[in-house]
Amino acid sequence: MTPMLELRNVTKRFADHRLRSNITAVDNVSIEIPAGTRMGLVGESGSGKTTLARCALRLSNADAGEITFDGTRLDHISGNELRRIRTQFQYVFQNPYLAFNPRTTIRQSIAEPMLVHGICNRGNAEKRVTKLLERVELSADLGGRYPHELSGGELQRASIARALSVKPRLLVLDEPLSALDVSLRSQMLTLFDRLRQELSLTYLLISHDLGVVAHHTDTVAVMHSARIVEFGQTELVLSKPAHPYTRDLLLSVPSVDPKHHKTLTSTGQITGHSENTEGCRYFARCGHSMKDEQCERKQPQLKGTAMASVACHHVVPDRESKG
Amino acid sequence: MIKILQPLGAIALTTTFAACGSGSDCTGDYCGTIIIAQGADAESLFPPTMQAVSSTAIGDMIYLRLADLSDDLNTVGDGGLVPQLASSWTRLDESHLRFTLDNRAIWQDGQPVTAADVAFTYSVYTDTIVAAPLAANLDKISNVVAIDERTVEFEFTTVYPEQLFDAAYHMRILPAHLMDSIETTELLGHELTRNPVGTGPYRLHQWLPGQFIELHADTSFFLGRPGLRRIIWQVTPDYESALALVVSEQADLIDNMRTPRHIEQANSAAQLRAVEFASGGYAYLQFGLRDAEDPSRPHALFQDRTLRRALSMAVDRETTMRAVYGDFSTIAVAPVSPLLSIWGPDLPRIDYNRDRAVELLEGLGWRDSDGDGVRDRNGMPLSFQLAYPASDPNRTSAAVIIQDQLRQVGVDAQLAGLELNSLLATIPTGKFDVYFGFYGQDPTPSSIRGNWGTVGIGGGNFGSYSNPRVDDLMDRAIATFDPEESRSLWYQALEEMVADAPAIFLYSPKSVLAVHRRFENVTVRPDQWAATMWTWQVPETRMIDRDKAGS
Amino acid sequence: MRSFRWVPVTLFVLFVVVRAGRIGDLLSTGTFVEQTLVALTFTLLAAIIWLTITPWPEVLSKFFKPFDVRIASLVLGAIMILAVFAPIASGHHPNTQLDLVNGQLLPPSLAHPFGTDFVSRDLWSRVLFGARVSLMIGVLAVTMAITIGTMVGMAAGYFGGWVELVLMRLVDAGLSIPRVFWLLVIVSLWGTTDIYVLILIIGLTGWFSTSRLVRAEVLRIREEDFVVAARGLGISEAGIVIRQILPNVVPPIIVNATLGIGQVILVEAGLSFLGFGVQPPWPSWGTIIQDGSARIIAAPWIVTVPGVAIALTVVSLAILGDRLQTTLNPRDSAQF
Amino acid sequence: MGRLIGRKLFQALVVMLLVTTSTFFLIHIAPGDPFMPDLSVSGVSAERTDQIRRNFGLDRPIYVQYGAYLKNVASGNLGLSFRSYRPVSEIIIERLPNTIVLTSLALIMDFAIGILIGTWQAWKRGSAGDRFLTVATLTLHSTPVFWFGFMLILAFSVSLRILPGSGVVTIGIYDSLTPLGQLWDRIKHLILPVSTLALIGAGSTARFQRAAMLDTLSQDFIKSARARGLSECTVIFRHALRNSLLPTITLLGLSLPVLLSGSVLVETVFSWPGIGALTVDSVQSRDYMVVTAIGLVSAVMVLAGNLVADILYSVADPRARRKP
């Protein structure tokens, strides 16, 4: 399978004006998404998932690394060339209220990219928008409203309709359910699956809900502190987590027994480190029995097979043998 | 609210006085301090370029002339003046006068006053770089020679009755020993123009620009000990504040009170009394006959004599004057104030006649063709700027009234209220359309020549009006010794001049000053009210805080 | 939403009435240009408010809910109506010298509600016509300042780099000199007495803070998700500026403008007071105060009345501006 | 901190250069050669005109004049006044202390009153007192400063006669007062002009402070302080006030130009012989050497004020200090 999207050694830093230093949000990440597959990207808030996805789609510019979409180096192009290729991949934002211009109606927001790319003209725009809205199970009369007049679920669907308007092949879904009522989540997931089949889309699903990831992705990447710490087939990774962080993540899932619920730090901010990048970044919180000096001084690299790889000095032996 | 606050005010005042009980009090009859409230600062204390009444009053306290006018204001002949720096003078022949300087007269730095000072003064006043406004009055003096230390001789080009007056009155004698080493161009901005060294009864103690000018008496002044210890001119932002200061007893004198309202306000204060005196001045609207941008070209509008006459007819002086001054003024139909000997009811005039004005304007082709209410001709509107001193509420009122009267005949006068010093800086350059001026006239008709004769261009004749026949008539009038013939020649000159309408002559207001009642011996000379102020006094029994305050 | 279509219709009618007034002697003063500008002023003022509120009609009713906002609108409305209909409401021409000999400095009475001034002009008429002059200067100068400020701020915020550096240092320089200083220098240099030049100058010196505000807003908005989304959808940079960023900087600009009108009225009053503003005989609130300041003891009411008028207008504008600020953010308005 | 100040100083220098340049050229491009009040009337005193032109170096090309001007300014030489022929720096130094006293006292009073009122309002938000003060501060903020000055003069100088309405000292008796008496005399003269400026300014400061305080009070650390059972007073003055002062300090830098603008008017109303009144005087008499110098001086004052505000800010805000 040829990768639809391929990232090589992507790094992204942010300048912190107040601290007058840089924060590395994505650190030397390599990843690839084969066409037609669904990849999950998990990790706690602030681990760099969103930044990684946005860099991947050139919504923000990476500081280093190569990004290849379907054979085209995204990091080499700009201007009209980039604008044209953007129709191939789309991004669905976490909070749909922030993702729509508050001063234009839903219909205008959906029609604009189609008009820009010549997908429709002023004459048939209305019809096309209606069709798109129907596709995401929204009634056409919602089109005349302003974003704040819609409910979260409705707006998220509109957001998907807008993404689909340019006929993309790859869809990045950035925590598409987090803004929604729990009751709406399964409907939305069903919609995703249906759309994927109808339009043969490739998905990158960002989520911290491991349950969703378990059922709706083929592969999964676990991100911690700007790096991918574990990657592999979803089933394998979630059933036999190799990295202590992945295990902690699985433990924190609000499962049947709330007593086991362990909260991971969630500051809502990028917690990437500006210094002290020498050792394993999970060192401080790692509960691994074999934690040692090597962990403190040397950063582990992602190692393993296409089925599963992990960045830990003390990989659980039986997983490795299975791979 | 006010009632509650009054006791508070009293407390505040008591604390004030308690806090300022001071040490050395002045005692005696020579302690008097007078504070004169005034709406503008002095521009410079360099006599040749002093113009504003405010500056000249201060200048006259510091600098002396050779001789001064007496109270009868006679300017003719050799007997009318009273000695100042010159103790006596003798006539050598019809074109030579010799002055003997008072040997008691010394400069405030201790140097004696010499004939060289007089000769130097003449050279400064007539220097074109200095461009003294009064220079025109000196043009019939051909030479000033120092004969010895204390004797100086004036030579005249023509024979005329006012030789003594011209020689002795216009110039305030300058200290040659301090000034003659200074380049003339430097002189105008020299330290000495701010820290003058004079010969007068007072010397400058302190001048804080924008705040006050304080003079202290020279107790050994050779003409007698000055009656007031200190004279302070306090600068206020406008006339109203000046009046407020005097009414509230924070200042002692305000001059230039011309409107019934001002006088009413002054009278409402028990400590004040109003002193009324004839005015030696007249107000006028002067046409700039040269282009405001390029003085080498004639003015596009006002080169037209008929237009000037039409505008003169359009102004209702009577109403304007009544509105602004009530009963406190008389119409001035020509550049003649009531102080002049030639003043009379039969002076030549252009009467107010609105219909005739409109007729003349129509005849000149000025019509309102675009319906905006302003006449125009060949696309050019009949519009000009009228500059006036914004600090003078009377001229401001009159300007607004006249603007409205002109509007009624389709003439657009745009008002430009300027600060006094700014006016003094721009008007003498001739860069104006119409200037609302006020001349404080010397009490002789000869002064007309400096302001309206060709000789005054570049000096006191701001509008550059020039008519050779008027010049000739004036020269002859000045030269003749026969009063009747002189008067008749003046009337001929004025007839011609008024018909040319170089200005719209408006009115001559009476002057009233309000002064604190504690001052004694208050006499006022109409040509310069402050001329005799140095003889005023405050008797010890009537002294108030500021008289007693030691310095 | 449709129910608010009456606003432009009313404005149009108002405009026609005001224009027609020339024939009907409704507006007996001023040239054609002046009258048009007066009319334009009020059209603009109302149109701006209408334009901002249109997308959120439900906001309108909520907008007027607080008591102070209602009072402020009432006061401002009254002043505007009186200003528009000044020729009818005044009873006298503002420049007519009614009785030069006996009618000067009359205290307030039935015949002259605010008294008369030093050349016997009716102060009530002058204050009403002064409202026109002051409001006209306020609105037009602010319109100009806002236009320039928005363009500069957008350019700086969007292009960044040296464009931003140069423009913002220029703004710093502009802001580091007191505005009155700039105004005094320019007015005196050009020795102007013309009201339009005055508007031009006030406008030209008033855009610095607007451009700073707009730049900050642009910097903030261009990082918002919906702009990122638009970029991701392949919309051109120009399209983003015009359709995504510009509409969203409008609300803070409107607030800025509303407050700015008040500030300009204050600035104009100050300039006129110093003798550099509107020249006689035309009344603006500032020139009336200046006239009165020379007779403050004899006729204190001359100074008092226009001062109160200025304060009332500026307070009302400030209250409306504050209210707009809380109302115009559509996301907030969804909640309140 | 040193680097911060260094950078700010550099920025200030750039701004100063811009200010100097723009005023210089602004005045030079104006119609009618404003640097040269043409004294020639029909050629009568052309010598004097030429002489003065040479004295002021006005016969040289504009770029040479500009260069010379910059050089002079950099060396502290601000030229000669056209009106009085005195060195401009002398004129300005004579006036500067008056303006500095007036504006700095006004600034202190402005912020003292403004912060006090704003804090109290935020504390008692929604109360009748808060509502009243909101209207009152807004009204002050909207009042023309010179008009307010007139009203104070009318009330305290004309009607009650308890405070002088013009000048710096009581002329005529000041010199003979005891030092204490002189101080009191000066204070008396300062009360009205300072109050005028300060009260108008306090109107906006209070509004700003109220908003900042409300913002602070809604933050989590205040909630937790309240939850810990601290008294309202402690919460307001120990915890909230310090934090709410941060934005108000930034206002300090911004309010200087406004204050200087106000002082132009207030000095005129109260005939206070400072830079503001000098501005009006010089502009009226077209003394542009003085005018350009005033532009420069006020820019320096404003920039210095901004620098002080920046430093205060970094002192007050621990976050801004954390990293060099």
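In this document, chain identifiers A, B, C and D correspond to the written order of the chains, with residue numbering beginning at 1 in each.
Please note the rule applied: contacts are C-beta pairs under 8 Å (C-beta built on N, C-alpha and C of every residue); 3 or more make two chains touch, one makes a residue touch a chain.
Note that the structure is a prediction, hence the values are computed from the model and not measured.
Asker: With centres defined by CA atoms only, which chain is the most remote from chain D?
Answerer: So the farthest one, by centre of C-alpha atoms, is A.
Asker: Identify the chain pair with more contacting C-beta pairs: C-D or A-C.
Answerer: C-D
Asker: Could you tell me the distance, in whole angstrom, between the mean C-alpha positions of chain C and chain D?
Answerer: 25
Asker: Taking the mean of the C-alpha atoms as each chain's centre, how many Å separate chain A from chain C?
Answerer: For chain A versus chain C, the centre distance works out to 49 Å.
Asker: Take the average of all CA coordinates in chain B, do the same for chain C, and state the distance between these two points in whole angstrom.
Answerer: Their C-alpha centroids are separated by 45 Å.
Asker: Starting from the mean Cα coordinates of chain A and chain B, work out the distance between those two points in Å.
Answerer: Between these chains, centre-to-centre, one finds 89 Å.
Asker: Could you check chain A for residues that touch two or more other chains and list them?
Answerer: Touching at least two other chains: none.
Asker: Taking each residue of chain B in turn, which ones touch at least two of the other chains?
Answerer: Residues 244, 419.
Asker: Where in chain D do residues touch at least two different other chains?
Answerer: Where chain D meets two or more other chains at a single residue, that happens at 32, 158, 268, 284, 286.
Asker: What residues on chain A touch chain C, complex-wise?
Answerer: Going by the criterion above, the answer is residues 54, 57, 59-60, 82-84, 86-87, 90-91, 93, 95, 97-104, 112-113, 116-117, 146, 148-149, 162-163, 165-166.
Asker: Per the contact definition, I'd like the list of chain D residues that touch chain B in the complex.
Answerer: The touching residues are 32, 37-45, 47-48, 51-52, 55, 80, 83-86, 91, 94-95, 157-168, 170-173, 175-178, 180-181, 184-185, 188, 268-271, 273, 277-278, 281, 284-286.
Asker: Under the stated contact criterion, what part of chain D meets chain C in this complex?
Answerer: 11, 14-15, 18-19, 22-23, 26-27, 30-32, 34, 135, 138-139, 141-148, 150-151, 153-154, 158, 257-258, 260-261, 264-265, 268, 279-280, 283-284, 286, 291, 294-295, 298-299, 302-303, 306
Asker: Of all residues in chain C, which touch chain B in the complex?
Answerer: Residues 31, 95, 97, 100-101, 104-105, 118-120, 191, 193, 275, 279-281, 293-298 of chain C touch chain B in their complex.
Asker: For chain C, which residues count as touching chain D in their complex?
Answerer: Counting only chain C, the residues touching chain D are 68, 169-170, 172-173, 175-181, 184-186, 188-191, 262, 266, 269-270, 273-276, 286, 289, 293, 296-297, 300, 303-304, 307, 310-311, 313-315, 317-319.
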